[in-house]
Structure formats: C-alpha cells, structure tokens
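Labels for the chains are A, B, C, D, E and F, by order of writing; each one numbers its residues from 1.
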C-alpha cells in the first residue's frame, strides 16, 4: 500500500515535470534523500492522486497557496508543472495577481517577480 | 470607471452570495463602512471580474489561499460562495486536505474544522 | 541598570494604561509571572522608552504591526493605550484600513472587527 | 510498508496520548476521516518514529513549533503528550517563554494562555 | 471616480518617490503591467490619500508593517519614501528595532539588515 | 541586575559560538549596535540562561522554531551553535525533516537547503 502511494505519486509527478521529476537538484536532497521520498508519497501519493478533484484544479490551488505563503522557490517549480498540464500563462498571472487581495500587495509582487522568470512576457509587449 | 469596478464587483458577488451580498453583518462594517466598498471594488471589481480565468478557478484558488493563511472566517464565506457556483462539497474537501502539504497539518485541520460548519458530512457517513 | 529598564518601562505603561497596567489578568500571568516582568523590561524599558521617536509614533506603529500580524488580543490592548495617548478613533481606523494593502483584506477585516469592540462607532452613524 | 508506517505511527501516538489517541473528536474528523489516517502515517509513521532523535526531543520541538506558529489548539494536545512522556510542566513553560525571542511577545503570550488550560500553576503560587 | 483614485494615488507616490515613481523596474511589471496600476489605485488612491491621518504616520505604519511581515524588498522602497517625507534615519531605526517586540528578534534583524542598505550609518560611528 | 542579564547572556553565547560571539558581522550591527546588546540580554540573559531547561533542549527548540518560521539566516547560526553543544548532525536533520508536519513541506525544504551549507552530508553518501 505504501508502494501504491509511491507509485501513484510518481505518476502525478511525471505529468507535472516529466521523467526527470525527482532528480537530485537541491542541496537538501544530498543531506536528507529519504525526506524527499516521504514527502512525495505524502503530497503526490496521498493527496494529488486522489479522485474527486481534477489535476488542473489541484495545480492552480497549489500555485495559489505557494504564492500566498511566499514560497517563491517551490512556486517556480509548480508554475512549470502547471504549464505542462496545459494551464496557460495568462491564467497563472491571474491567480498571482488575485493573491494581492488575500495575502497583501507585497506578497503578490514577490510572486509575480518570481513568476517572471518562468512565464515569458507576451511578445506583443502587452503583458497580462 | 470606478463605477465600472464597483458594478463589475457587485455582479461577481451576486454570483457568489446572491442579492444579500454586502449586507452589513460584521462589527467592522459599522466602524468602517467605506472600507468594505473599497475592498469590494478592489477584490471583485479589479481582479475577480477580469477575463482570462474562470470563476470556478478563482473560487477554488481563494478557498485554497484562505485555508493556507488560516483565515477561517473568510474561508467559511468563500466556501458558501463556492457551493453557489456549483463546486461540490467533495471538491472543496480535497482542496482543504491538500493544504496540509504546503501549509502544514495544523493549518489544514483548522480549515477542515471550519469547513465542517458549512459542508455537511455525507449522509452515508463516509466523509470524503 | 536593569532596575532602570524596569522603571522606565513602568513609566511608559502608565502613560498607556494608567496605574493598573501590569495587573494580573491573563491565565498566562499565573503560569509564568516572571515572564511578564521580563517582557515589560524588554518592550517598554529597552525600546518604547528610548529617545529619537515620540510615543505617538511608537503607538501607531505597534497598532499597525499587531494588526498586520493578526494578534487581535494585544491589538485591543494597544488601541486602548493609543486612545489614552490622545490618538483619535478616526486615526486608528485609518491605520487598520490601510493594513489591507500590506497584509491582505482578511487580516484588515479581522483587525477592524476586533477594533469595533474598543472604538465606538460615531454617533452620527457615518462610521469612518 | 504503508502498513508499517501506520503501525509505527500508532505506536508513537499511544506513547503520547494512550489508547484513545485518534478518537474521532473534531468536526473535521467526520468531514474527512481518511485525512487523519494519512497525516498520522505521515507525521508519526514517517517522522516521529524514525531513529536518530529521542521522543523527548521530538516532543519539545513540536511544542516549540506549534507555539511559534500560533497553532494553540494543537499545542494543547501536544502539551498533554509531552507531560505523558515525562517532560515536566516547568520545562514546557520554559520552551513557551523562550518563544518570545523568536516569534515575538504576543505569540508567546498566546501560547502561555493556551498552556494555562493544560499546565496547572504550582500550588505554592510561585508560577514558573 | 476611478480616475480620481488614480490621480490621488499619483499625487501621493510623487511625494514619496518623486516623478519617477511607478517606473517599470521589476520583472513583474513587464509580466503584469495593469496589476501595478490597480494596486497603486488601491493603496495610494483609496487609502493613503484619505484624510484623517497624516502622511508621516501612514509612512511610519507602512514601514512598521513591512518590517513585521518580513517584506524586505518593499521595506527598502518605503524607507526611501519615508526619508523623502522628512522622517529621519534615527526615527526609522527606532521603528525597526521595536519590531523585535512584536514580530521576534530574527524579523527585526532582517529588517535592520535590509535598512542598512538605505540608511547610512552615522559618520560618527555611533549608530542609533 | 541588568549587568547580570548581560553577563549571563554572554556566558550562554560563549557556549554556543565561542569567544567571537557577538562580533560585528551584519550590516545591521553598524546601523543599530545597541540593539544587539539589548536582544542578547533579552534572549540569552533573560531566557536561555534560566534554570529548569537544559541548553541542549533550548538549542533544539530554537532550531525547530527558526526552521518553522522560515528564518534561514538565523537558523544557520543556531545550527553551528547546536553542533558546538554536541548535538549531532543527524539529530538536527531529524528536527528539520519533522518541520514538514507542522509548517508544511516547502518550509522544511528551505530549512534543509539552508542546513546543507552547515551540516556536511555524510561521506558514505547515505545522507540521513
């Protein structure tokens, strides 16, 4: 059953980030490699892979929460995942702008600044 | 144009809470009535009413952020709004459970406790 | 010199809350009475009593921070202190409303709701 | 292996709260019963039951974090657990007082107020 | 009336940062240019430009809140604005030091570190 | 008595960081040198040096709180202090991993990433 959680989690992360998901990239991954297996089981195996809510909605809600909590590093990773699921750049910008209402303007600005590294401005220069 | 924001905002809040939206219910509304007009213009007129993102997604993201930020009073109001938009009880429970990953278990428990006042458990007793 | 901090602190708290400041009112005060002496020395003896910034400004900044941090119990105490220093009800409402910009709308609403217990609405019914 | 996590988690919660641990008490437990199984596996099965750190230290760190994060409901539960592990009332008061340094005075006061419901003041009236 | 908010907002930002206020400097400004117009209307047009509270107090409260919330980027911008309004370096240092009481020592240290880039230490080497 | 607090505080900081503790390293220390004397008195003189709780437990709780609050700069300093007190690298990694339960996965990842600069991975490549 734990293997189930792990397998189900891996299936979700592949949809978000492709095969290379879970590659050892952070300094923390050398320090505590088991940690990342456990949290992948927890986040993606126990929650994201549940029925009752579509992946698109889970991705948008995660982007919204990471923005509100000021976790800009993980936000960038999940913006990449959201694009891979087919969510558009414009939709993501809307989620981040709306963050100003609930978490304050500076938090939204930080999220948009982080997002600018991932979401290319439109070539017509009109932004959102 | 400000009137535009106000009008557009009112149209959104009607979809979320019906005609009685904006009724003076909180102690704060007597203390600072203009405040609530201004923030309705800001939140609903300037952001929620924008194109590029559907109302369902905006509602889910708001529920997700209020849960993550521990704002349980406003969370209850937005859970009611989400149900009025046609989002199901089960979908909302999924959003709140997933909060444990990004904001910690105690924050998710608080959100689920608050939600239990709004979202009736299923009559078959199976919960989510 | 510690006595200095304590004495200077007591002088400040008298200006904020009169002679009865420091009365044992919270459950925590029975549990950890020394704690309250130490933090009074720290907050009021080491910082509030310093020169370079007037008491009015210190009081407004404290109200602003407690509102932004969602510490509504202590906020109520400091709103009382602010009124005792001669800061007006209208000024305090402005500080709390402006909190929406930097800490988000729900945080400002909570602060205004808490404040409504301390700051009586104007008798002409016009609010702020 | 998931069963392992669940079993290991149950062993920890018994040490903290006895046999009745995991009883359905919160409104959230009716709303989302599976949630509580999953988070028990995660918190107690995947982390608390690991070697390398003794239970006493895990309990103190959890009390410290819940106090710092302002999660007073869960704090009360973990104070009960800490007492059951043999950690003394005076040790717990020290942890909560020290919170003032890192999370600010109001957060420490809230934690101490919550703790006063669980930790009886000493009969000699001397507090901490 | 929206134009009013925008115009009133611009008048405030000129006092804080001169004519160049609102220049497109952040990556976020290319990504979401309308966002910055809306939040300027909201923050400066709807709140800062209201009567009942002087600009000096609004500036001090904003500095206090940004410090307490750990928003060091926006803090630096508002420290520049505060100096332009005639608030002294020493007054600002007092606001930031006092933050330790309400938001904890590490938050105050971060704010003071950020401020050290904006507020030059006194030439006599005496600091605050 | 204040001198007592200062002296007691210095004794604690020596155990954590040796003689060079309190050296002027941060930009903030030039800007507000007295601030650091006051907070050392408060944190180390008034709390850490109290009886009733051993230094090891105080250090673990501080590491836990700084991780949960996302204060990664001060976390690094206190990880060094914890190692100097004889707390092991593996114990510290356990404290940081467990943070995921109470403050969310992204907060634990940030803490582990910061810790990787201080706690060298084991030479056998097995991490924790």
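Keep this in mind: a residue touches a chain if its C-beta (ideal position, glycine included) is under 8 Å from a C-beta of that chain, and two chains touch if they have at least 3 such contacts.
What you are looking at is a predicted structure, and each value in this text was computed from that prediction instead of being measured.
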Mind listing the chains that sit against chain C and also against chain D?
A, B, E, F
A correct list of chains touching both chain B and chain D reads A, C, E, F
Among B-C, B-F or D-F, whose interface repeats C-D's (more than half the contact pairs identical)?
B-C
Hey, which chain ends up farthest from chain D, C-alpha centres compared?
E
Copies chain F and chain D - interface residue numbers shared by over half, same or different:
same
Averaged-CA centre spacing for the pair chain E and chain C, given as whole angstrom
22
In whole angstrom, how far does the Cα centroid of chain C sit from the Cα centroid of chain F?
30
Calculate how many whole Å lie between the centre of chain A and the centre of chain C, each centre taken as the average of the chain's C-alpha atoms.
39
Residues of chain F whose C-beta touches two or more other chains
38-39, 42-43, 47, 66, 69-71, 74, 93, 97, 100-107, 128
Taking touching chains as linked, do they make an open path (line), a single closed cycle (ring), a hub with spokes (star), an all-linked set (complete), or other?
complete
For the chain E and chain D complex, residues of the former touching the latter
100-107
Within their complex, state which residues of chain E touch chain F.
70, 93, 96-97, 100, 104-110, 112-113, 115-117, 119, 121, 127-128
What residues of chain B sit close enough to touch chain A in their complex?
39, 42-43, 47-48, 50, 52-53, 57-58, 60-69, 71, 74, 90-91, 93-95, 97-103, 128
Could you pull out which chain C residues touch chain D in their complex?
26-28, 30-35, 38-39, 42-43, 66, 69-71, 73-74
So in the complex, the part of chain F that touches chain C is made up of which residues?
1-5, 38, 41-42, 46-47
